[in-house]
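Both complexes below contain subunit A, partnered by subunit B and then by subunit C.
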Partner chain A sequence: MTMPLLEVAHLRKLYPLGPPPGLAARLAARAGRPPAPRPVLHAVDDVSFTIGAGESLGLVGESGCGKSTLVAMLCRLSDPSAGTIRFDGRAIADIPARRFARDPDRARIQMVFQDPSDSLNPRHTGFDAIAEPLRRLLGMRSGAVLAARVAETADRVGLPQALLGRLPHQLSGGQKARINIARAIAVEPRLLVLDEPTAALDVSVQAVILQLLDRLRRDLGLSYLFVSHDLNVVRLLCDRVMVMYLGKVMELGPAEDVFHHPRHPYTQALVSAIPGAAAGRIRLSGEPRSPVDPDPRTCRFFGRCPIGTARCAREAPPLVDSGGHLTACHFPGPPEAPASVA
Partner chain B sequence: MTSTFARHLVYVLRDNPVTVVAFGLFLVLVVLGLFGPLLAPYDPLATQAALALQPPNASHWFGTDHLGRDVLSRVIVAARLDLLISVCAVTLSFALGSSLGAVAGFYGGIADRVIGRVADTIMAFPLFVLAMGIVAALGNTVENIVYATAIINLPFYARVARAEVAIRRQAGFVDAARLAGNGELRLLALHIFPNTLPPMMVQVSLNMGWAILNAAGLSFIGLGVRPPTPEWGIMVAEGATYIISGEWWLALFPGAALMLAVFCFNLLGDGLRDLIDPRKRT
Partner chain C sequence: MAAALLAVDRLSVSFRTRSGVVKALEEVSFAVGRGEMVGLVGESGSGKSVSAYAVMGIQDPAARITGGTMHYSGVDLTAASERDLQDLRGCEMSMIFQSPRTALNPIRTIGRQIADVLLRHSGATTRTARDKAVEALAQVRITDPARRYGAYPFELSGGMCQRVMIAMALACDPQLLILDEPTTGLDVTTQAAIMDLVQELCRARNMGALLITHDLHMAADYCDRLVVMHAGHVVESAAVATLLSNPRHPYTAGLIAATPAPDRGLEAITSIPGSLPDLRGTLPPCRYRQRCTRALPACDLPGLAMTELDTGHLVKCRNPL
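Take a look at the complex of A and B:
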């Protein structure tokens, strides 16, 4: 098997909570009395996965499960607390996010943000937005070459050239989404991270943008990491799916396999919630566990899990591979589960 | 580009008639400031003892002062000095205050705390008294009035800039600019700061009126500009002693000029913001 494009291993992002130790606490620590440890929020906890060249990986999970934190680390907008990221064989997790702007790999990992309005500078025209990464990352200075490249990219995403001179507030949501996509693909990245690229759009526009994204991936041979709430979208666009819950990977496997034969009870509940699902809806009760100082011996899903037992509280289930379909559960559902999707 | 700006200007002016008045007044002030000495009917410094304290008449529209100098000419010529002082002071405090505030808002942490406390310290003084103290300590010159006015206005710019930068620091377009290969300093200077300009312009304009008042106030109490020089504050101070004896025109006309200038800058703020805000463009 060839080397994957992106290889993430044991990635962690921890946020210490509360005020940093004051002067008194630091003096006490020096005197040999260590202060009480600060509570730590585990936003992303020991996440490992790979994305192959040209592959599309879907990432699903509820709000607050660490999707956005994970994505920010992969795009090198924030620094991981621990773990490694290998991009095309090169370790990039140790390069500080501050310095990554001038890194040669900056152009090869690009991202499309969730809110197309918020992610465009209100003072920059569509042309400026698409031209800036070309200028900064590819060193295109010449006006004519730059203009040609911007026009070509606009064509690729189906943005009329007449709109390039407009400011963001003069454009519709779909047009802004196209500019955001154009800006990201203009520098010909290898990996495109899409953070719920259609969540802020009308349903009719969503479909068009999703078709565009699917076509671009095949035309340009891009790898996608596709973050979404919409399971149907992930199923249509992605080769594999990763399900996260409270900072941990619960299930990871081929898209069709995960949707038709979900093994983890959390995934089963998610799949059953898709409108039109054949099986009866599994309703989860209770609140998620706290992500602050979680007990490493307890399964993160314990408490909401419909099949959780005393063992799940004593012993956190590891992510176990079974024929390319990974599940972190002591009692994975049968591969021939009845939860088939219409 | 010029034509779009012109069209935008017309649009902003039509949208708000008050702005038209403010821009008109501003234009008058600028013309007086640039060409004042050419427009003045008399030499503002020429004394004519025979014509002292004449009320407004056909040859001296604003009357004459106790030395027989033409008040109209003095009011017109004074515009340059007063505008110069306030423009320089506002430019200085805008440049310094907004960069400090932007750094505080963007980087936070220790920079934010130090800059914030310095601004608080300045604001803890009665500002006019602080300005008096600065001019008294540094010496009685026009430059020192500019510095004093700039220093007392600094905290306002620092605060507005800090707040406006801090709310945009987490905006999506900032992360997008990071992905486009911008370092932190470029992000702040080229992406975040320009977006804070519309609210800053309101501050600049309000401050301009304030700076004029401040400079005139300093001259009024005898600090800064020295007597023979025509300046609105001195003229009001000199004229004030004559109000009791009925020579009202000495203080009224420079006072009115001062008031109109402050009024104009206060109204100008909203218009300037609309002009510089891309979202107002259609």
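Take a look at the complex of A and C:
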């Protein structure tokens, strides 16, 4: 096997809560008395995965499960608390986010954000939006070279060049989505992180944008990390899918496998909740566990899990690999039969 | 259907704007019966929300109803005074809005907001309103309702806020519930839980419901009938199963083909060419004409109307599929 493009190991992001220790606490600490520990929110907890060159990995999970925190760390917009990120063989987790903005790898990891209207500067024309990363990251100054590159990128995403002079409010949702994709691929990245790229689009234009993304991946040999909670869309675009719940990976495997034969009870519930799903709906009851100082011995899904037992409260299940399909559950569902838990 | 709970008949609404009059709705007709959930589907800008706002009488000040009637169990809503509408709204008919976080008052506890509705409509006293509000919270399965009564919206998750909105909408036992994209921005698991709850409560109380959504799958899962809108026109309406298995209007067929489904690959989904027409100035009789692949010269002739092709299956097209 060749080396994966992105290799993430034991990545963690912890946010201490409450006020930092005051003067009294610091003096007490100096006197040898340990300060009372601050509560810690575990946003991303020990996440490991890889993305191969040209591969597309889907990331799904409810809001609050740590998807965005994970994405921010991978894009090096925030610093991990622990763990490593290797991009194309180079460890990039230790480079401070502030410095990464001027790192040569900045151009090679690019993002497409959720709302195409909100993520464009309202006072920048389509041309400016696409030219900005070229100027900043590739140092293109010359007008002619820059203009040629912008025009070429616009062609690639199917944006008519006549529209490059327009401001965002003069463009339709689909056209804005194309500009957002164009500005990300203009600097020739290897990895594209797509955060719900079609969530704000009408279903009538969603299909062309998805097909465009699929074609770009093939033509340019890009790798995708595709974040979405529309599982029907993830299935269309991804080779493998990673399911997160409260900062932990619950299941990771080939897309068709995960959707048709989900093994983790959470994935089963998620798949059965897709509108139009054929299988009977699994209702999750109970409140999610708190991500603040979670008990490391308890499964994160315990309490909402329809099949949880006392063992799940005592012993957190590790992520176990079985033929390339990883599941973190003591009682993984049948790998063959589809979910039929009523 | 003489006894429809809500009957909208040839409703036209236009907006006066600086750049001309926008004909947002033209001759829109649909009906919602008791115990029935009707889905209103279409792209954004097709007039779904405008229709709902017109029914509730809460449209934008620039909007004007230029024709047609709306009847709510016999009461003519177009002729009703603002006072009468105020008595109906929140009591007889209520609405659940798109983003629960912005629809709730951020500086008032959720319990108080529900109590406000009860105080206005049900003749409850300050003391009984509290108990009733707690009861309403319990009904939408919010755990520990007595404690949550004092919670502010920011303390609750999106799904919880939407439950509060449902509790508020149902507090006075309405007959008609309008849901404007009630689960946009919520997770699939939460979406399923919220919609199951709405469906269950609607059935238990024999309420009529109008579900506005752009998600055809969701409409298919919960609605009895679907009304498809495009650019301010109703283009097709039929029972859910009929409409999805046998769409007759090219736009409906296009919407279905554009929707990703579990059994469909990326090549199998297709976009609808073009975009909604500019709704200002004079418009062709068929507003789908420019995007349609089946257009005929006859499509430009005036007098296009809804035709019943099959029992209960109405289509506005000269060249139906």
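Please note the rule applied: the second predicted complex is superposed on the first by the 338 of 342 C-alpha atoms of A that agree within 3 Å, B and C clash if a C-alpha of one lies under 4 Å from a C-alpha of the other, contacts with A are read in each partner's own complex, and residues count from 1 in each chain.
Going forward, a contact is a pair of C-beta atoms (placed from the backbone, for glycine too) under 8 Å apart; a residue touches a chain by one contact, two chains touch by 3 or more.
Please read all numbers here as calculations on a predicted model, not as lab measurements.
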Clash or fit (per the criteria above) of subunit B with subunit C on subunit A: fit
Which of subunit B and subunit C A:Ala269 touches, first, second, both or neither: second
Contacts of A:Ala107 with subunit B and subunit C, given as first, second, both or neither: first
Touched partner set for A:Asn232, first subunit B, second subunit C, both or neither: second
Touching partner for A:Ser119 - first (subunit B), second (subunit C), both, neither: first
First (subunit B), second (subunit C), both or neither touched by A:Phe49: neither
Which superposed partner A:Phe127 touches (first subunit B, second subunit C, both, neither): neither
Minimum C-alpha spacing, chains overlaid - subunit B and subunit C, in Å: 10
Residues of subunit A defined as touching subunit C within the complex: 62-64, 172, 174, 202-208, 210-211, 214, 229-233, 235-237, 259, 269-270, 272-278, 281, 283-284, 287
Residues on subunit A engaged by subunit B in the complex (per definition of touch): 72, 75, 77, 98, 101-102, 106-107, 110-111, 113-115, 118-123, 129, 132-133, 136-137, 167, 169-170, 180, 183-184
Residues of subunit B that touch subunit A when the two form their complex: 171-173, 175-184, 191, 194-195, 278-279, 281-282
In the complex with subunit A, residue positions of subunit C that touch it: 43-44, 143, 157-158, 187-193, 196, 214-218, 220-221, 254-255, 258-262, 265-267, 269-272, 275
